[in-house]
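Quick notes on the structure that follows.
Going in written order, the chains are labelled A, B, C, D and E, and every chain counts its residues from 1.
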Amino acid sequence: MSEMNQANHLSDEVMINIIGMHKWYGAFHVLKDINLTVHRGERIVVCGPSGSGKSTMIRCINHLEVHQQGKIIVEGTELNEDIKNIEQIRREVGMVFQHFNLFPHLTVLDNCTLAPIWVNKKPRKEAEEIAMAYLERVQIANQAKKFPGQLSGGQQQRVAIARSLCMSPKIMLFDEPTSALDPEMIKEVLDVMIGLAEEGMTMVCVTHEMGFARKVADRVIFMDAGQIVEQNAPHEFFENPMHERTKLFLSQILDH
Amino acid sequence: MASDLAPSKPPWHKNPAIRALCFQAVLLLLVGSFLYFIFNNTVTNLENRGITTSFAFLDREAGFGIIQSLIDYSPTSTYGDTFIVGLLNTILVSVIGIILATILGLVIGLARLSRNWLIAKLAGLYIETFRNIPLLLQVFFWYFAVLQALPSPRQTYSLGEWFFLNIRGIYFPKPVPGETFWLVGLTLIVAIIAVIFMARWAHQRQEQTGKQFHTVYVSLGLVLGAPLLMFLILGAPLSWELPALKGFNFQGGVSVIPELSALVIALTIYTASSIAEIVRSGILSVSHGQTEAASSLGLKSSHTMRLVVLPQAMRVVIPPLTSQYLNLTKNSSLAAAIGYPDLVTVFAGTTLNQTGQAVVIIGMTMMVYLSLSLFISLLMNWYNHKVALVER
Amino acid sequence: MAETFEKHPDLPPPASEVGVVGWLRKNLFSSPFNSVLTILALYGLYLTIPPMVNWLFIDAAWRGTDRAVCDGEGIGACWVFVSARFNQFIYGTYPEMEQWRVNLGAGIFVFLLLLLSLPKVPGKLWIAALTLFVYPFVAFALFHGGVMGLKEVETTLWGGLMLTLILSTVGIVAALPLGILLALGRRSNMPITRAICVVFIELWRGVPLITVLFMASVMLPLFLPAGVEFDKLLRALLGIALFQAAYVAEVVRGGLQAIPKGQFEAAAALGLNYGKTMVLIILPQALKLVIPGLVVTFIELFKDTTLVAIIGLFDLLGIVQSALTDPNWLGFALEGFIFAGLLYWVFCFGMSRYSLYLEKRFETGHKR
Amino acid sequence: GTTFDAVKKKGFLQCGVSTGLPGFSNQDDKGNWKGIDVDVCRAVAAAMFGDASKVKYTPLNAKERFTALQSGEVDLLSRNTTWTLTRDTSLGINFAGVNYYDGQGFMVKKSLGVKSAKELDGATICIQAGTTTELNLADYFRAQGMKFNPLSLDTSDATAKAFDAGRCDVLTSDQSQLYALRIQLSKPESAVVLPEVISKEPLGPAVRQGDDEWFNLVKWSLFTMLEAEDLGISSKNVDQLKRSSKNPSHMRVLGVTPGMGEKLGVPDDFGYNIVKQVGNYAEIFDKNVGEGSPLKISRGLNALWKDGGIQYAPPVR
Amino acid sequence: MSEMNQANHLSDEVMINIIGMHKWYGAFHVLKDINLTVHRGERIVVCGPSGSGKSTMIRCINHLEVHQQGKIIVEGTELNEDIKNIEQIRREVGMVFQHFNLFPHLTVLDNCTLAPIWVNKKPRKEAEEIAMAYLERVQIANQAKKFPGQLSGGQQQRVAIARSLCMSPKIMLFDEPTSALDPEMIKEVLDVMIGLAEEGMTMVCVTHEMGFARKVADRVIFMDAGQIVEQNAPHEFFENPMHERTKLFLSQILDH
């Protein structure tokens, strides 16, 4: 479990530490005793069948969902009800959603400068420069003046990534960033994510793109029924799955 | 689970739950003290001005007359009675208005969808005209038009010795039941019960044998025919009190005063224009595919309407329709403008003025309207819940 | 084996399908029942339209200054009555010398609205803020006077169409912020806040406006400490604004509900707090969505302002009514009501068309 | 008292008047208020501020008037309001005198051929809602053992319109109003006022209870107009009398002899100001409802006590 | 024209006879001189480019659209304005729509029993028995108490077929019954249709499922611009198309 395929870029510093975390929706026990440590620069892919709690888990990391037991420590700060802590952590953690969730009433550029200006209190000019740099980075700078509704899905998702990057997050969370996209567009987005990974960004990514997992993940985590069933380096994970459940899942996923 | 693994609690002043609680407490305090401020002012003001506020006045003699009352009312009745009279009159216009507006609205709404171009356009014209003119103006207009158009009692329009129409109102004969008339009533009740049983039987027969039965015609025959037969057998034990011109006015019979007519006409015409739009959108909301599917199964167009289109249209129609009914009821308070003795005119008007009990009277009036609207919204929620489409 | 195929030319349809005959057959006489309806409707129109046109236009008295021109057999509508009173119908008893102030104020308002509704004008937000927050004070100073050397014109002198417009615009503008707050409160997850907002909204929506106005006009002073008093117009406005706020709140709530949850989440994930999320993300979208709904409530309010006639304010309807009691012009109620009705109709119809247009425009919105 | 001080402080008087009753209070085509009730307001303003124009008017309908006074919306209610025991005691108001003695009467169309109110059994009667007339009417018909249909309308001109259209046979109101309303009919000659007077209707200004100072001022402003007529002071001769009259009564009323104003808390020349700017009672009566007006009502009960009427002012001394 | 691939099940009885039929929408000549004879037990597939009038033609057969010239005779009864004739014919002809058009306010079972009860005047019990039999037949009997909104598209279409069958129609018309369905569901529905065909139902089916046409059709009809361009037995039709237009169409269809 400790073998990582490209371990050279990893540092010892712990970025995310989840200890014995449980979560319920009403009476439904959706996450059960989750324990997870993510180091600086580590790239983690989370997979598992639908409804297994993958989204819920990563949404707990920036407190979009509230957990009821256990601890989540992000960059040394514990997530609790203290609203200041949470705002602090959300500034450090970028999140990209399946459905992009761009703000349709703002231009691409305004989408990207909104948080730097209002949360980080940057002057507009500086914020715009940074934003343009990141838009350049995701190769979409020429669309800066357009509205999200005028872009294709892949372009929208890239804007969403740029928007997160504008806050200079230390960790990026991705929740199935490509699953709402048409096949041609998936590649656009994956390329951007691979680029990010190469630059050493700490990433936690829920995805079923096994190609991506194989290529960039330091560790693949398999979840089922609210629990982490197995975690391992990608080649180990794909070639020697330990659990029956994992094998079944992989057989379905890799078949098509 | 070890308790040290519970998420740590932040200090209380940083806890959003506690903050929310504080915010709400402050809000409650503000609202509460605002209400108290008003209450206090009112009490001191009333006291300073020597007004005593209580419900005692409701038992005192009113001393003024009211032109139309559904209960026995004379100037010796109490102020409490004026409340009842006003309330009943409000209910009367509302109920008549609701029935007529529904019928007219339905007709106009269907006309709007008619394949006949002229009819559809005329219906559209009707809707756009009456929807965009203030109701109060229409009330005045109709009152004025009604008054202008009608002759004095001496030049009355009449239909034989039975019906009269003049500026004082419409007059009908009033039935005065004879001694054995109750038997006719009894027959009617028996006939209705019989119809209920017959409908059940017809339904069951259809379930079992598939044979359909002309329930509507037979029931009509039964409900109308049986009492009529009984009536004739008993030798027509019913006399009519005919209205007749005595002195200044027609006396006897049943009369409808022009204020009521004008108000009902205005409310009906105004509300029907909204109802027509509701009906139209309701029917349009049922997709064309539904009608096609039904007719390709061989259903007759009347069955398609009854079994497929209406049940689906109702879902869309009922909620806005109910709020139109509510609006009509609230709008009936415009009666005050033309002197129809509804709750606002009689109770919140004359009675308030004679007694000076503004707080109590306005409070009671508002409570009446409020309870009505709450009642109707509860009904509506219940209905919505009942007919909500089941989806995945 | 298949038969030989030759391409058929397009044939003109049978005569029964197109042209005047086709149109008539399809639209007026498609079935016996429809034919009967058509004939009945035509007959009805024949009975009503010519006399109406005669009375309204052909036989009507258009020119003159006193009622003499209207008395006599065979004379239709007396529009002279309306033209004699026209100034009063528009301005009430506002002094004639000062009416330019009203015109100026209205002109500025129309100009601002034009700026707001033309698509290409920059800085919409500022113009909107100007219209909502600065303009009312300017307008009040202009109309009321007593400052900058303008002669004071008391609100009791305001009337006619001017008052109608003031009541309805101020009503909606004042109701907007309160309505938004109430809507936010009703959507909040704090139970007490929610309860207070629900009670407020349902209370106001449950009672007729006329009782609200009555309360505002006679009972409000009873609620205030002795000595505190304010203008009757202001009190009517307060009643209208509170009443309207409840309706606005419900419309805005509809808009808030239509904003997908993802927008809240994305804002939270970027570290925006509740206030900023609302102001920067949610409200701009929600308000845009509900503009057509707001226009509709505005039309309702515009029509409902006539009720102030019952509490003795001389709005358009009130002033027409009071003109009808002039001993010199008795008997022209119909003309007065038709004139007022027409004015109201033009405004309401215009606005309802505008709201339809808006609905269409926002349907495409920013989508591709 | 609070009202007195408040009025003094704001520098004008808020006066509740009728929304439009010719002779009593109505707006002329320039928007100025005219009428005998209006002149009471003006007299009070003249007494207090030395300027009869320092009045703002609030038109009130019958239903609103007491609430408006109670709530402090107006300082003085001068709106053909009948002085009754109930109103004086239970509404928290005080009547400050009578500026017009009236009585309720009936008006009918001539064509009905009715000569007396006793013939009105079963008639439809137009009446203004919320007035004492409404109560008197019911009493009268009860006492006579007759029936009637009351059509209660909001304003007096609504009643006139309904009567004119033939909606009712009879219009009942205070006699003074009947004359005023008659000239609003499309054919005034077609209606007659019946001889019966079925009630006493002393109409007068009313103030809120609890401010005696204010009550006094209103009361004595009214009396001063009566006293001026009694003493032969009118707006025409007031300047001359003020300069030269040696009659001690004149000198007291016109403030030549000091002391009277002080007792009321107003300048000593208040009487002079009232007569000069508003007139004496005979003048305002004549101008608004009497021979000098279209109503042409005779003085009758409203003549001074000396002339066979019952208008009588306590002496200003 | 007389060679049919599985001609054994055909009888000589003519079920549908369309003679020189024309139809206009306003001034637009949508169907031109349509001549078509369908025998009992015959299975006909109609194909052609979009807008060529396929739907319009089969909708004329049960008078959902009114034709202006020519004759349509169904089971010996001519379609004219006589409402009784039309109701009669509609009882004999079942129709399945692209968008199912189930009645959303009725349960699956009630959808199926509505017409038998109200049109054929069957007792409810009997109607329900028949309905259950057909629901069984389309393998959906266990969903009988559900509402259409609770079913998947494929299930809904099968209910629609069962609903038509409950009227024991002599002819079934299908208007692109599978084109609103996801790929996995198409098979469910096609299987049911193949079953029907095997039982000898007379069918006219607008579809682009060429596999289905090959397998079950007695005759394939190709329409273009409101005309029947070519009709032939499937193997002939697919292997030896006569007309240029047909060849072009087939090349597009079979390519993917």
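Throughout what follows, a contact is a pair of C-beta atoms (placed from the backbone, for glycine too) under 8 Å apart; a residue touches a chain by one contact, two chains touch by 3 or more.
Chain labels with UniProt names: A, E = ABC transporter, ATP-binding protein; B = Amino acid ABC transporter permease; C = ABC transporter permease.
Values in this document were obtained by computation on a predicted structure and should not be read as measured data.
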How would the remaining chains group if subunit B were removed from the picture, with no chain shifted? one piece
Tell me, which chains sit next to both subunit A and subunit E? B, C
Would you mind checking which chain's C-alpha centre is most distant from the centre of subunit E? D
Using only alpha carbons, which chain's centroid is the nearest to the whole structure's centroid? C
Between chain pairs B-E and C-D, which one is joined by a greater number of C-beta pairs in contact? B-E
Subunit A to subunit D, mean C-alpha position gap in Å, rounds to 84
Let me have the rounded angstrom distance from the C-alpha centre of subunit B over to the C-alpha centre of subunit D, please. 44
Centre-to-centre distance between subunit E and subunit C (ABC transporter permease) (centres being mean Cα positions), rounded to whole Å: 53
Distance-wise, how many Å sit between the C-alpha centres of subunit B and subunit C (ABC transporter permease), to the nearest whole number? 26
Quick check: what residues of subunit B touch more than one other chain, meaning two or more? 45-46, 48, 148, 336-337, 358
Residues within subunit D bordering two or more other chains: 67, 70-72, 154
Which residues belonging to subunit A are in contact with no fewer than two other chains? 83
Where do chains touch, given as pairs? A-B, A-C, B-C, B-D, B-E, C-D, C-E
In the complex, subunit B touches subunit E at residues 206-212, 287, 289-290, 292-300, 303, 307-308, 311-312, 315, 387, 389-392
Per the touch rule, the subunit B residues reaching subunit C (ABC transporter permease) in their complex are 20, 23-24, 27-28, 31, 38, 41-42, 44-46, 48, 114-119, 122, 128-129, 131-138, 140-141, 144-145, 148, 330-331, 333-334, 336-337, 344, 348, 358-359, 362, 365-366, 369-370, 372-374, 377
Touching subunit C (ABC transporter permease) in the complex, subunit D uses residues 2, 6, 19-20, 27, 31, 56-61, 64, 67-68, 70-73, 154, 157, 160-161, 164, 183-186
In the complex with subunit D, residue positions of subunit B that touch it: 45-46, 48-52, 63-67, 75-76, 147-148, 152, 167-168, 246-249, 251, 258-259, 336-339, 341, 345, 349-350, 352-354, 356, 358
Report the residues of subunit E in contact with subunit B in the complex, numbered from low to high. 62, 64, 87, 90-91, 93-95, 97, 99, 101-105, 114-115, 117-127, 146-147, 149-151, 163-164, 167
